[in-house]
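One chain, chain A, appears in both complexes that follow, with chain B as partner in the first and chain C in the second.
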Partner chain A sequence: MEEIIRCEKVKKTFTVRDFLGINKRVVLAIDNVSMTINKGVNTGIVGESGSGKTTLAKILLLLVRPDDGSVYYKGTNITKFSETELRFFRKNVRIIFQNPFKSLNPRANVERIIKEAMPEDERKTKKIADVLDAVGLPQNYKDRYPHQMSGGERQRVAIARAIAGNPECIIADEPTGNLDATTEVYILNLLDRLKKIFGLTYVFISHNLKIVEKMCEKIIVIYRGNIVEQGLISQVLKSPLHPYTCLLYNPVSIKTIETVDKTSQGCPFAYRCSFAKKICFEVKPQLKEKEKEHLVACFLYE
Partner chain B sequence: MKNFFQRLKNHSKLAFFSFWFLVIFYIVSFLADILAPYHFDYQFRDKPYHPPTKIHFFDTQGNFHIRPFVYNTVVDDPVFRSYREDTSKIYPIKFFVDGPERKILFFFKTKKYLFGVDKPAGIFLFGTDTYGRDIFSRLLYGGRISLSISIAGVIISFTLGMITGGIAGYFGGIIDQILMRLVEILMVFPSFYLMLSLRAMFPLNLSSIQVYLLIVLILSLIGWAGLARIIRGMVLSIKEEDYVLAAKSLGLSHWRILIFHILPNTFSYTITALTISVPGYIIGEAALSLLGLGIQEPYPSWGNILSSTIGNLRVLGDAPWLLLAGFFIFVVLINFNLLGDALRNVLDPKNW
Partner chain C sequence: MKKLILKRLLHLIPMLIGMSFVSFIIIQSSPGDYFAQMKMNPEISPETIQQMRTSFGLDKPVIVQYFYWLKNLVRFDFGVSFAYHIPVRTLIKFRLKNTLCLAIFSLFLSWLIAIPLAVLAGYKENSFTDRFLSMLAYISISLPSFFVALLFVYFISKTAVLPLGGTRSIFDINAGTFVIFADYMKHLLVPGIVLCFVNTGWIFRLMRNNFVETFNNPYILAAWARGLPARSVIFKHTLRNAMNPMFTILGMEIGTILNGAALTEIICGWPGMGSLILEAVLSHDLYLVMGSLVISSFLLIIGNLIGDILIAFFDPRIRIT
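Moving on, here comes the complex of A and B:
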């Protein structure tokens, strides 16, 4: 299977300072994450808010440079590449942001937004009309400004922008997070259709397992910057192994301790886990293969 | 463009009026060579501090003249400089009269002026100054200098401010530090004294065109610092927006992101600041000219027309028409402020 993006042991910390800059608090956003995105395998990244999903997406795109570890694009280490050197990568891997109300420049009309997203050599030949057609927007929308459109329409413009460069992979960061239920279905169907037309590979970031189930073949569950479980959709959702995955899949069925703002030396989930043992607080579990391609980081399965 | 006028009109009738008022003001002052009845340094030696000329339609016998006319005036009382009309002869106002050749904006030659009267009578719509020069003509010529200095100064200082502030805010780090310290050095000086000392660096006996360019340069050099500082702050916050990140994810160059995605989003502030700072330049020029460091006599500017009244209290009572330059500055200032406020809203796509 051809790999598109691979990251190895990436790490990202953010430093939060108080007003005078005396007290520092280091937030570990991404902790030693390694993952691979293969061509044709749509990958879903799930986790609750603040688990580092968006940061991981930005690292995969090198919009945020990791503190440690490397990102590979088709086998080439591009972690230290300059923006100019990254241009070929930017053309092939695009992102759709969560909030269409923020991700479009308020001073640019649709025509300019899409035109800008096309590679320079294709700007003359490729038509904006085709792109608008592909995302199902009427032709007269090319003169509109973002504030003149609804959320769903804006998100379609954002999708049009992403596909305008003929990418092979699109990272969708909760593309339906800000939309109502019917628009959500429309956008998901649109993404599904575009996948077939353009042969795209999606990385789908969501907190909604139902959407990931519909759109993806592979799933990665992250908690506080750590991958806790990964595997094929069929495996993970049929028999979730990690207690956190179970919690995400059916939040009401399992009794857990409410969110604790403490991190242990060991498993990051230990304080919330109802199955936690002594070892969970002391040693960090490693990702281990349980079944074929189904990996989990939990002492319950060792 | 048509859209722009329509939107401006819909947004505010007052601002629409201000816009055209300013356009007309600029056109009129740039056509001073045709519109002014006298050249700015032409002196009526026998008519200093002459009040505005009365324009008549009826002569002393009560006959109506279709063509308005003026009387020649003679000095009645040489001490108080009061004038008496000599009603023995009428001087009709002539349109498109011939006179000495002038160059419109240094290019096209003209011998025809819009209006005038035969000598020895004079037509002084706004009176004359100490040397018997027509104030109306001088205001038109002076407007050409004052208004163009302000526009040129604003354009230069805003370009400087946008570029410096944009680069400092966008690239950050050491570039930001260097540029902002530079700006602060410029800002710690009180601007008026900085203006004076900058002017003092150059010799006084410069040609008028050199002085003109020097004033533009000085005024714009002072104006850009504060703007750069504010633009930097705005860029700092805008560059964290999602659409800038989106532009980055498309692989656009830094310059493209800065010029097309970040700086346009500072326009809501800059356009207002720009129009509101235009009067500042007119006043700055006036202040320099007032102190004799700006445009030198006999060349007129609104500043030095006004300065001829300072230190001469009698003028205020006897020849108040000399203060008309101040009134013109005031009118232009008000109109720019009105326009600036409306422009911000009109040029924001959110209001389209």
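Moving on, here comes the complex of A and C:
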């Protein structure tokens, strides 16, 4: 299987300063994450708010440079590439943001937004009309400004902007997070259709397992910057292994534990886990293959 | 667009009438008038004073006086100054030219300095450059303008690199236009730099914060993610959006800088509207005060209108409704 993006042992910390800038607190956003995105295999990244999903997406796109570790694009290490050298990568891997109200420049009309997203050599030959058609927007929308459109329409413009450069991979960061249920279905169907037409590969970032189940073939569960479970959708959702995955999949049935704002040296989930043993607080579990291609980082399965 | 401008200009009329009425009443209700001082002078007979009062229309009730003044205002007749004995219009025309030159010069200069520095500081947020420039800006904001003016005037008078006071030092009739202009500009520099110093700081702060806020928007991240060159992201996407609120500020500045310049004008000896209004108020020169106030508020409103037109022109979200 041909790989598009691969990251190896990436690590990212953010430094939070207090008001006077004297006290510093280091927040570990991504901790030793390795993952691969293969061509044609839609990958879902799930986790709760603040688990580092968006940071991981930004690292995959090199919008945020990792502190440690490397990002590979088709086997080439591009971690240290300059923006100019990344030009070809930016053309092939695009992103759709969560909030279509903020991700479009308020002073650009649809025509300019789409035109700017096309590579320079294709601007003359490629028609804006075709792109608008592909995302199901009427032709007269090309003169509209973002504030003249609804949330769903804006998100379609954002999708049009993403596909305008003929990418092979699109990273969608909660693309339906701000939309109502019917628009959500429409956008998901549209993305599904575009995948077939343009041969796209998606990376879906979501906290909603139902969407990931519908759209993806592979799933990565992330908690506090650590991958806790990964595998094929069919395996993971049929028999979730990690207690955190169970919690995400069926929040009601599991005995819940209040969110504890403490991190142990061991498993990051230990304080919330109802199955936690002594070892969980002391040693960090490593990702181990339980079934074929189904990996989990939990001492319950060792 | 035309409709908006027309509407705003029509709004001007009741605003000016209301403003002038209130100030007229306030000035007239303060004790004494210009001729009260003359009463002290034994050489001027009470009859003469009474006669002068009648000739200026000051013997009538205040309300009647006001409408009499308003009637003349429609014909652009601002009345005659008590102290100078020449029409207020002539006086204001000369002073207004000086104040406008000073205001436009310092405004232009401070924006020219503040905006590029703000973009630099905003782009390198929290870097040494940013902190250093912000510190300079705080110094500029926190120093009162009269203090800066005094310091600068002291410095100039010691070093004598620039002329101080007045608008010209060459009175040769044969001097060419360019020489006179250059001389005028030289005199403009001292008050101009003082005003600019005070203004640059807060324009810098506002613009820097706007820039940082715009720069952290997802659509800027989206622009980076598309692989647009930094030049395009900074100038085309960020700067243009960050400039929007600045147009409102510009409009307000055009109006307020005329009044804000008063202290600087007085200290630097620049014959502008500020020193004229101060003199007029102190000596109860009624028509001169009223004339200057009308002109000042007219400029304030026009300044705001210019700001609004600029926003409507640059921001597609504000299309005229």
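One rule holds in what follows: the second predicted complex is superposed on the first by the 302 of 302 C-alpha atoms of A that agree within 3 Å, B and C clash if a C-alpha of one lies under 4 Å from a C-alpha of the other, contacts with A are read in each partner's own complex, and residues count from 1 in each chain.
Note that in this section a contact is a pair of C-beta atoms (placed from the backbone, for glycine too) under 8 Å apart; a residue touches a chain by one contact, two chains touch by 3 or more.
As the structure is a computational prediction, the values presented were derived from the model and not from experiment.
Trainee: Superpose on chain A as described above, then tell me if chain B and chain C fit or clash.
Mentor: They clash.
Trainee: Could you tell me if A:Glu83 is touching chain B, chain C, both of them or neither one (first, second, both, neither)?
Mentor: both
Trainee: Which partner chains sit in contact with A:Pro106 here, chain B, chain C, both or neither? Use first/second/both/neither.
Mentor: Both chain B and chain C are touched by A:Pro106.
Trainee: Regarding the shared-chain residue A:Ser34, is it in contact with chain B (first), chain C (second), both, or neither?
Mentor: Once the two structures are laid over each other on A, A:Ser34 reaches no partner at all.
Trainee: Go through the superposed model and pick first if A:Ser239 touches only chain B, second if only chain C, both, or neither.
Mentor: In the superposed model, A:Ser239 contacts neither chain B nor chain C.
Trainee: Does chain B (first) or chain C (second) touch A:Asn250, or do both, or does neither?
Mentor: Neither partner.
Trainee: Which holds for A:Leu63: it touches chain B only (first), chain C only (second), both, or neither?
Mentor: Once the two structures are laid over each other on A, A:Leu63 reaches both partners.
Trainee: Looking at chain C, which part out of 21-29, 39-47 or 165-173 clashes with chain B after superposition?
Mentor: After superposing on chain A, the clashing stretch of chain C is 165-173.
Trainee: Do any residues of chain A touch both chain B and chain C, and if so, which are they?
Mentor: 61, 63, 83-84, 86-87, 89-91, 94-95, 97, 99, 102-107, 109, 116-117, 145, 147, 158, 161, 165
Trainee: Tell me, which parts of chain B touch chain A in their complex?
Mentor: Of all residues in chain B, those touching chain A are 241-243, 245-254, 260-261, 264-265, 267, 349-350, 352.
Trainee: If we count contacts the way the header does, which residues on chain C are in touch with chain A in the complex?
Mentor: 217-219, 221-230, 237, 240-241, 314-317
Trainee: Considering the complex alone, what residue numbers of chain A touch chain B?
Mentor: By the definition above, chain A touches chain B via 58, 61, 63, 83-84, 86-87, 89-91, 94-95, 97, 99, 102-109, 116-117, 145, 147-148, 158, 161, 165.
Trainee: Which stretch or stretches of chain A touch chain C in the complex?
Mentor: Listed in rising order, the residues of chain A that touch chain C are 61, 63, 83-84, 86-87, 89-91, 94-95, 97-99, 102-107, 109, 116-117, 145, 147, 158, 161, 165.
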